[in-house]
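Look for subunit A in each of the two complexes below; its partner is subunit B in the first and subunit C in the second.
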Partner chain A sequence: MSALAPAVEPLTILIAEDSAADLLLLSTIVRRQGHQVLTATNGEEAVELFARERPQLVLMDAIMPVMDGLTAARWIKQLAGEELVPIIFLTSLRESAALAECLDAGGDDFLPKPYNQLILAAKINAMDRLRRLQATMLQQRDQIARHHDHLLHEQRVAKAVFDKVAHSGCINAAPNIRYLQSPYALFNGDLLLAAYTPSGDMHVLLGDFTGHGLPAAVGAMPLAEVFYGMTAKGYGLAQILREMNAKLKRILPVDMFCCATLLCLSTQRRVVEVWNGGMPEGYVHEVASGRRTPLQPRHLPLGVLSAEAFDDRTEVWPMALGDRVFLLSDGVLDTADANDQLFGVERLQQVFAANREPDRLFDDIERALAAFRGEARDDVSLVEIILQPGQPLRATGLLYADSGQTCPLDWSVSFEFRAETLKRYNPLPYLLQLLLEIQGLREQSGALYSVMAELYSNALEHGVLGLDSRLKRDAQGFAEYYRQRNDRLAQLSSGYVRVHVQVVPTEAGGKMTLRLEDSGPGFDVEQVLARPLDIDGLSGRGLSLVRQLSSQVRWSDGGRSVCVEFCWGALA
Partner chain B sequence: MSIESEVSLDGKKLTIAIKGRFDFSSHQTFREAYERFYKVPESYVVDLKETTYMDSSALGMLLLLRDHAGGEESEVQVINTNSDVRKILAISNFDKLFDIN
Partner chain C sequence: MAEIHMDPDVLSGLQEVMEGEYPKLLDTFLDDSQKRVEALRKARDDAKALGRIAHSFKGSSGNLGAVRLAHLCQRLEAESAEAAADLGALVDQIDHEFALVKPMYESERQRFQI
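The block that comes next holds the complex of A and B.
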């Protein structure tokens, strides 16, 4: 390459030199190399010119009058800020100390006098490369910073929307739930939802999406909507699970899914119903005996299987008041200590075993995790739900499509649900929606749903399926009862449950009569009603509940037909 | 992490071996391991003999492979699983989708 070869891109170069002859010589050389030249004869002029014209490179004599080159270099570097403006010192100095001082002042290189054109051109080009590198780096840094800000903003918005959707339930209000979940857990894909059913049972979901960040939050939103919407309408776990699975399967990419445990905790029936797809074992902790029943992952996660292949079978376990359910995410078991050892199931079991005070169990686990890892992790979810007496039955939180029309007050309707329907369809949410068309009944929707649910399951389980509730006298019998229920329902080929609803106006307001008939053999009504009420037993709570909640209960046709009444006063 | 893929002599079986950590960082390489073959093999084998760790995004990648191999009709074997990996596959019930041994 010739010394006179033009530079890649012409630069504006400031030359500060107090010797007029040297200045002329240098200017000529630099111009011939294709650059624009600004000239100054002392440091002060150089700084002023720099501030005004912003040249890209400076050739600076070290020793000049008014302001020397070193001081001028410091000013220029300060004015240049983050941008790299290379300064090449022109010097006849030979001492190392003086040369080092030039670099300390912000100089980037030297050019010894007398000037060599070849070296000067090469140095200008080398410095220009450095200058461009710095400029590119700054540009990319700013771009990354802008993208990052944008991303953070989007995440904040997503989180705000998500919080509204995810926390519309009772997770923070329910006195019987304790949970540990970091504020960042959402962006690790963890999800915890809880809500009451119309009959006062509690549905809880602990989920864990594959992936992190926004994709997980995006999948979590439809899941939360299905959970809350269907729970409030009285749907059971099987239908909610099917809907969630179908929805996630439809919207998520193939490699994304959601591990989840869904449970229904019923104080009235003293049971917990569980479905676990891909989550680590949770536990039902019996306080009286200290026994723990594992809630094992029996299924594939949500969003993997097609609707046809999806398995919605649940397990049912008995619980006494004060018993607890523990659910946890894999973050708990995968908590690692300084040596990369995992916390693991065994250590968790040891915490359970060592505990003597059930109320402290949650704290014990939390402490054990903290002691083990020595530092906080942000993807741990742990939740404890206690079976507590009597959640008051409240009116459901359903939204009514009130048209302002007066409600229907004199009508009747009958349904017959036959074997194929009984196998896979739960008519209760549909019936409840229908009955809540009657404004006067809305106040009592909780009691109404509870009574309907009890009468329907009696008609199905004891009537159509012929199951004996006395099986449920102990835990083994209890499991056996639900095993038989599943088997018999799967094989059902005949039988029916009929539901008759009659609504009539009364002087005071109105009256709804609900009658259920089943195809079963019936039962000895007087004998069953005469049984002493076993308040903490596993069976026989259904009928006493029905008698508490409705004004009139009558059996006929040898126990195959049951009739209840609900009355309401005139609306204000 | 490294991923090696090899087609059997008759061209009917593709074996993908994963060494080291099988996690999100292997996403691209894992896909390339089966997408780069012009001729679609009849069956797939995922060899986890030298896999030290596996996370949930690795499970997602197995689902992608299963989908690529024909979904319900696919033939995907997961072999040489160590006890840690087996635990993860068991919790997610992936033995219902894959032939695991």
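The block that comes next holds the complex of A and C.
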């Protein structure tokens, strides 16, 4: 390329030079190279021109009257800000100290006198390349910054959504739940859900999604919906787990799944039912004896297995009032110290062993983690649920659109659930939904569900399966009882539970009669009812509960048939 | 080198670059140089001022191919920084050299109308 050929893109170039001949010569050369020229004969003029015209490149004599080139260069660089405005000093200075001063003042290159057009053109082009590079870099930096802001915004939105989904339910309202969840844990895919069943039991889920941020939030939403929806309708853990697993399996990509512990805590029955898929061991802490029963992970996480391969078997452990269930996320065990040593299960056990005051357990764990690591870790989830008396029975909280005028008041229906159905289907949620069509019963939905649940499990477990409730007298027998229940249910080939519902209007309102029959051998009703109410033991609670909650309880057919009544008054 | 008063190669190069502006460049140089020489005479006893003027004069005379003049200006600029240098003699030499090259540039200028 000839030195006189026009530049790729013409630039506006400021030339500051006090020697008239040099200025004329240089501006002619630069103009003939295709650029637009602005001229100044001293530093002050140069700065003014720069501020006004914003030329892209400056050729500047170092020594000029009024304001010298060095001072002018400093001003111009300041005015240019982040933009690169190359300054080429025009100088015949020879001393290195003077040259260094030019560089200090912001000079990018030198052009010696006498001028050589070829070198001048090459330098202008080289500086222009640098200038463009800088401009591109700034543009890209700003673009990255914009993308970054956009991403942060999306994450904030995702977090807000995740927050709402993950923290609705009764997690904050329930007096018997304590939890500790660092802000980062939440967005790290840790999920903590809690809700009451219609009979006042409590379902709690502590989950840990693979991945975090937006993907975790996306996965958490359907999970939470299933959890809250099915819990409110009275579904048991097995059905909820199946639904969650199927839903996650369907919507999540293969490398994403959710480790989870789901539990059902029942004050009425003094038990906790647990399913653990891939979470660290939780514990049931028996306060009286100090013993801790581990809740081991026995299953693959949710969203991994197909519906056919999924295993919904749960474990049931007895609990006394005041006993605690403790769950944690792997953030606790995986907390690493300066040498990459993990905190681990043993250290956690030591904290348990050293703990004297159960209410201070969280603080003890936090302190141990902080001491181990030197600082608090930001993705830790801990939750503790205490079995407390007096959880009130609740109305389901489901919304109905009708005004009560259309509800059915004179009808009956009968079901017979046979072996294959009893094995895999829980009819209670369906029956509850059906009965709640009657507006007068909705107020009593909690009691209704509790009574139905007791009668149904009596019919199934003691009737059809022939299990002896006296087994549940101690913790060992308790475990044995549930082992036998699972075995017998799996092998069940005959038997039935029949449910008859009769609804009639009365003068004051209405009456619903619920009768359950089972295919079992029956029992000696008078003898069982004559037993003292066994308040603290593990067996016999069901019947006393039923007698408390329903207005009439009658057994017939040698204990194989039981009938209860629920009445309601006129609607306001 | 120091013997060259007006380098014809530099001038033919300048003529090529400047085209129609070439006579104006010569005029500007002659006019500007005249002012520098007078300024040097006035600043005879001010070493700092002499150095500054010499620096600027050196640049333009170098660009215009007045090689010996540029060389003398460079010496003046360098020596003006030294204490107790006899700068007067150098100023005289510059004065003398400009008196010598001035007619040469004027006759170069004469080759072009206006």
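Methods note: the second predicted complex is superposed on the first by the 544 of 572 C-alpha atoms of A that agree within 3 Å, B and C clash if a C-alpha of one lies under 4 Å from a C-alpha of the other, contacts with A are read in each partner's own complex, and residues count from 1 in each chain.
The rule is simple: a residue touches a chain if its C-beta (ideal position, glycine included) is under 8 Å from a C-beta of that chain, and two chains touch if they have at least 3 such contacts.
The shown structure was predicted, so the numbers you read here are calculated from the model rather than taken from an experiment.
A.B. asks: Where does A:L409 make contact in the superposed view: on subunit B (first), on subunit C (second), on both, or on neither?
C.D. replies: Neither partner.
A.B. asks: Is A:V501 contacted by the first partner subunit B, the second partner subunit C, both or neither?
C.D. replies: neither
A.B. asks: Let me test your reading of the model: by the given contact rule, A:M67 touches which partner, first (subunit B), second (subunit C), both or neither?
C.D. replies: So A:M67 meets neither subunit B nor subunit C here.
A.B. asks: A:D18 in the overlay: touching subunit B, subunit C, both, or neither? Say first, second, both or neither.
C.D. replies: second
A.B. asks: Which partner does A:P114 contact after superposing on A: first (subunit B), second (subunit C), both, neither?
C.D. replies: second
A.B. asks: If I apply the document's touch criterion, which positions on subunit A are contacted by subunit B in one structure and by subunit C in the other?
C.D. replies: Touching subunit B in the first complex and subunit C in the second, no residue of subunit A appears in both lists.
A.B. asks: Please name which positions on subunit B make contact with subunit A in the complex.
C.D. replies: On the subunit B side, the touching residues are 24, 56-57, 59-61, 63-64, 67, 72, 90-94, 96-97.
A.B. asks: Could you pull out which subunit A residues touch subunit B in their complex?
C.D. replies: Listed in rising order, the residues are 208, 210-211, 254-257, 259, 277-280, 297-301, 304, 306, 309, 330.
A.B. asks: Spell out the part of subunit A that touches subunit C in their complex, as residue ranges.
C.D. replies: On the subunit A side, the touching residues are 18-22, 24-25, 28-29, 32, 61, 63, 90, 92, 113-115, 117.
A.B. asks: How about subunit C: which of its residues touch subunit A in the complex?
C.D. replies: Interface residues on the subunit C side: 10, 14, 17-18, 21, 24-25, 28-29, 31-33, 52, 55-60, 62-65, 74.
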